[in-house]
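Multiple structures follow.
Both complexes below contain subunit A, partnered by subunit B and then by subunit C.
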Partner chain A sequence: MTAAFLRLSGPTLRHAGGVVLVGLLGALCIFAALRLGPGDPALTALGEGATPASVAAYRARWGLDQPWPVQFAAWLLPALHGDFGTSIAVASGIPVSRLIAERLPVTAFVGAYALVLATATALVAGAVAARWRGRWPDSLATTLAVLGVAMPDFWVAYLLIGSLAFGLGLFPSFGYVPPSVSLTGALSSATLPALAIAAPMAASFTRILRAALLEESLSEHVRVARALGHPGGFVFLHHVLRNALIPFVTVVGLQVRYLLGGTVVIERIFGLPGLGALMVDAAFARDYPLVQACALVFLIGVLAANLATDGLCALLDPRRS
Partner chain B sequence: MTIATPLLSVADLAVTVPGPSGPWTAVAGIDLALARGETLGLIGESGSGKTLTGLALLGLLPSGARVTARRLTFDGQDLRGGEPVLAPLRGRRLGMIVQDPVGAFNPAKRIGWHMRAVLRRRGDRRPDAAACWLSAVGVRAAERVLAAYPHQLSGGMLQRVLIAMVGALEPDLIVADEPTTNLDAVVARQILDLIREQQNRTGCAVLFVTHDLAAARHLCDRVAVMVAGTIVEIGPASAVLEAPRHPYTRGLIATVRSLAARDPILVEMVGEPGRRETGGCPFLSRCPHADPLCRSDPPGLSALRPDHFLRCHHPDV
Partner chain C sequence: MRAFLAHRLAPLGALVTGLVLLLVGVGPALSPYDPTHMDVLALLTPPDWQHPFGTDALGRDVLTRVLAGARLSLTVSATGVALAALAGTLAGLVAAERRGLLAALLLRLSDLLFSFPSFVLALFLVVVFGFGTGTLILAIALVYAPIFVRLSRNLAASARGQTYVVAARVIGQSSRSILLREILPNIAGPLLVQATLGLAFGIVIEAGLSFIGLGVQPPQPSLGTIMAEGREVFGQAPWVLTLTGLFIALTLLGLNLLGDGLRELADPKLRGRS
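Here is the complex of A and B:
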């Protein structure tokens, strides 16, 4: 265990330094993108007919009259301590950190649910497709995967609402119950959004796992394992699937960013009070502190997922140390 | 052949593999017999089909390859039955040693895991079983090796471990597919000695696939020489390697001798190893003695002596 930890910590710690740097650069990009983009928070908040005096007062109140470097420092330095300022438009005066603390668990729950659904589906479908390559289970899994990749998530969302919510009445089509209130209620209300996010991901995961399994099954150690008399199931589990997990985990880790992107649209469709929906509202209102904080949280989520992927791969592949 | 009740008996074996322009017959007309305890060398250049022949016997050809034979028996069992017959034999009565020991191990698992998986299969549950089998193949720091991942060990060490695993299974026939090709000369000799020790201990037969004539001479009782997917000469190792009769074998040995003697003018064989040609002699396009008969009629395997066979129309040229 100690050896495994050391193997994990070396490259991961080195990577962690890079992650901090990327995070800071990302924060700068987020900050600059908002200010370079069109729109003005003051005009958006006060309306096009606002007097120059009221606009100037608004800018002075929220520090928007300061030079950019000053604004950036005034945002980032407290942000490093968890203070993201207050919302200036969507929920005027309320601390951004409180808004995020309310919304983040929803997105994290639905995202994790979708990731579990996609990974589990892909593990089964990919393994079945590779094990019966060229036979009907393979054709079925491959066809579904092509379909899944071709369907955009918002379209899948309406398909699911039409069939499972309105048609069969199995799941609610709108709203959210937190897991702290009712776990079954939470799972039920998050099922359709999670399915909509998971469907395209499951499809691409399945294709990747199938390809990785087929490639691994051609390797010499598989042939030697068979020559040593190990049964087919043993060889598949310990030689083929075990090693195909390495490229699979890498791809799943990279896909987390699409998962986060997917939540933005899906949360609107299903009326989930999540971070994605909050960020869209904040962007329309030019609520700079709120958009910045949401984007930063998403960025940290992606970086954390990459770091976790790296660590998992180092555990799975002893050659990476 | 003169061997009574051979362990392995092969007649007219052919292997068809998928190619870019449809399936093609890479190996054809293989006749072999192997007695218990005997070592038969299968010699030939790359692409001559010797590895395919070895894999065909074990049923380990890549998917898409097809094996046909008039006779293919191992200790009385008909191997033409495919997986249902072969799967129970592999790892019990049939073993394999491969050319690339580095690729032979799962890179994600330690050596100890590989050893234990084999020993479990054999029913050996002694706590020090793995170390015992490793010390039998001359591995001294067994604990260190067992704790290592394959990429942390040398090719020679991994080949020893593979031989230890195959040895623990005590098969009756080992197909050794160029086991020394990727090793340096000293280690290669040690590996050959290990294979021989294994053979002395268990009395197993070995099909030794190689292009190393010196190794074949060192290890083999008999050798078969393959050209373009078929055997052109087969006989006692001393006869075939010291008094070769087929033009290919003669050319091969002349080249090796001229290399060894550092002749200023290298004796080279003309032509490239090619595909089997339809009709005619498999060595036709490269043979200095080819005539119209060689072009029209494929020569059969005929006996020069009771134990030395040749596939050539002109054995006395």
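Here is the complex of A and C:
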């Protein structure tokens, strides 16, 4: 394991350089878009009726009168140390970093829960579909997957609220309990949001895993392993599944982007105090420092997930170990 | 065409998509109701023969509103995806043909756009440009453009070595004319398939953003605003939101089946695997 880890660090590190570059480019674009866009943060904060003197004072106070490379550096350098300035509208005067630190764990918890649900469902459904290809379990799994991909998550959310929350009363339809207060309460309050996010993802994961398993089971090395008389279960685990996991993990990693995007709407529906809900509030209030920071944190989350996916794929690749 | 009909899912997808487009195209004109007409004697009527999708809190016929709203949602999505296809394909072709700073910058920008969660990018654009259909269209275009960049670049790169491209080069065609006249028509099929799938994606973006109040603004009906209104009365009248969502799901199902089916038909490697 250590040797494998050392060997994969080379290309992963090179890849990490590219990721850092994209991250910096992202910071620049986020910053430039808000500065070059038609809105004026000073007028937004003070209201349309602000006097020229108060606008000038506001601009001087927040450094908006500086040349924009200076402004960019003044935003990015403290941001690299976790200082994103203070919120101007949503929670006036509160440091943005504190708001994000409060909200991020909620999104991370619900997101991880959804990812586990989707991956676990897909592993079972995909394997069952591939094992009984063309028979009824396959038809069932494939049909459900095709239907699942077509269901928008915010619609699934209300189907779940209508049936499991209002109908059966199994889970709360609104609100959040942090895991630090009560783990069962946290799981219970996060179950419906996680299910809503996970349902369409599980469907697309199942399709990918089924296709990858079928492709591997037809490959030369699997035929050789069978011809050598290895038992079916061993061939499935060590030759079929292991290789099929690489495209599967790649797709799961790419879907982190959709998962984080989905939390924006889902958190609002279920009243979860997460990062997505915070960014919606910031967008409504035009809280520029907060929007900038949220967009950057989401971007870093996706880039980190991409890096982790690459590392995991390198570890899984049998040619490396 | 025979292969298309023999394929199980592509004709079904075409049928569902065609049906949805037909309903959206002529439905509002055929409906006895007006999407904005309020009937105070029929507030929150459950679905029946007169109102198949029921009525909403203001007594408006939900089915008529859904069909009128879908017209707006489909227009927004199609415009966004068309822009994404145009800009993305152009950038992808440039990146495939040229090496150097421009190509590298285009690819990095595309990677960057691809790394933003779709709704996060859309929210960000709402802050920069304000609410409205224009921002929605831009959001769909920017979220989906990187997919066209990657696809067209890969397709064009693999077409470069093919005989027809080499032949065109030998007879002295300029590289721009090779890209636009030889390569582009040959890779248009997969790009169109991607656009079909993109249309479904754009509908979700519109509905999601309008649902949380940051897209199309009421009283204008769109699939997202109707669901947002249905959310207010979900406890007493779940049909408004549920049936609107069902219509969205049906539209997405049709487009996905059509897109996936066409992709499998175009790619012999995928054929027979489903």
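The criterion applied here is as follows: the second predicted complex is superposed on the first by the 314 of 321 C-alpha atoms of A that agree within 3 Å, B and C clash if a C-alpha of one lies under 4 Å from a C-alpha of the other, contacts with A are read in each partner's own complex, and residues count from 1 in each chain.
As a working rule, a contact is a pair of C-beta atoms (placed from the backbone, for glycine too) under 8 Å apart; a residue touches a chain by one contact, two chains touch by 3 or more.
Being a predicted model, the structure only gives us computed values, none of them experimental.
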item	value
Combined model on subunit A: subunit C and subunit B, fit or clash	fit
Geometry of the superposed three-chain model: angle at subunit A (Cα centres of subunit B and subunit C, steps of 10 degrees)	80
Comparing the two partners subunit B and subunit C, which touches a greater set of residues in subunit A	C
Contacts of A:203 with subunit B and subunit C, given as first, second, both or neither	neither
Partner chain(s) touched by A:225 [first = subunit B, second = subunit C, both, neither]	first
Touching partner for A:114 - first (subunit B), second (subunit C), both, neither	neither
Distance of closest approach, subunit C and subunit B, by C-alpha atoms in Å	11
Overlapping contact positions on subunit A, where the subunit C interface meets the subunit B interface	none
Interfacial residue positions of subunit A with respect to subunit B in the complex	218-221, 223-232, 234, 238-239, 242-243, 246, 316-319
Touching residues (chain side subunit A, partner subunit C) in the complex	21-22, 25-26, 29-30, 33-34, 37-39, 142, 146-147, 149-152, 154-155, 158-159, 161-162, 166, 211, 214-215, 257-262, 264-265, 268-269, 276, 279-280, 282-284, 286, 288, 291, 294-295, 298-299, 302-303, 306
Partner subunit A, residues of subunit B touching it in the complex	58, 60, 62, 87, 90-92, 94-96, 98, 100, 103-109, 117-118, 121, 149, 151, 162, 165-166, 169
Complex contact set, residues of subunit C against subunit A	9, 108-109, 111-112, 114-121, 123-124, 126-130, 200, 204, 207-208, 211-214, 227, 231, 234-235, 238, 241-242, 245-246, 248-250, 252-253, 256-257, 273-274
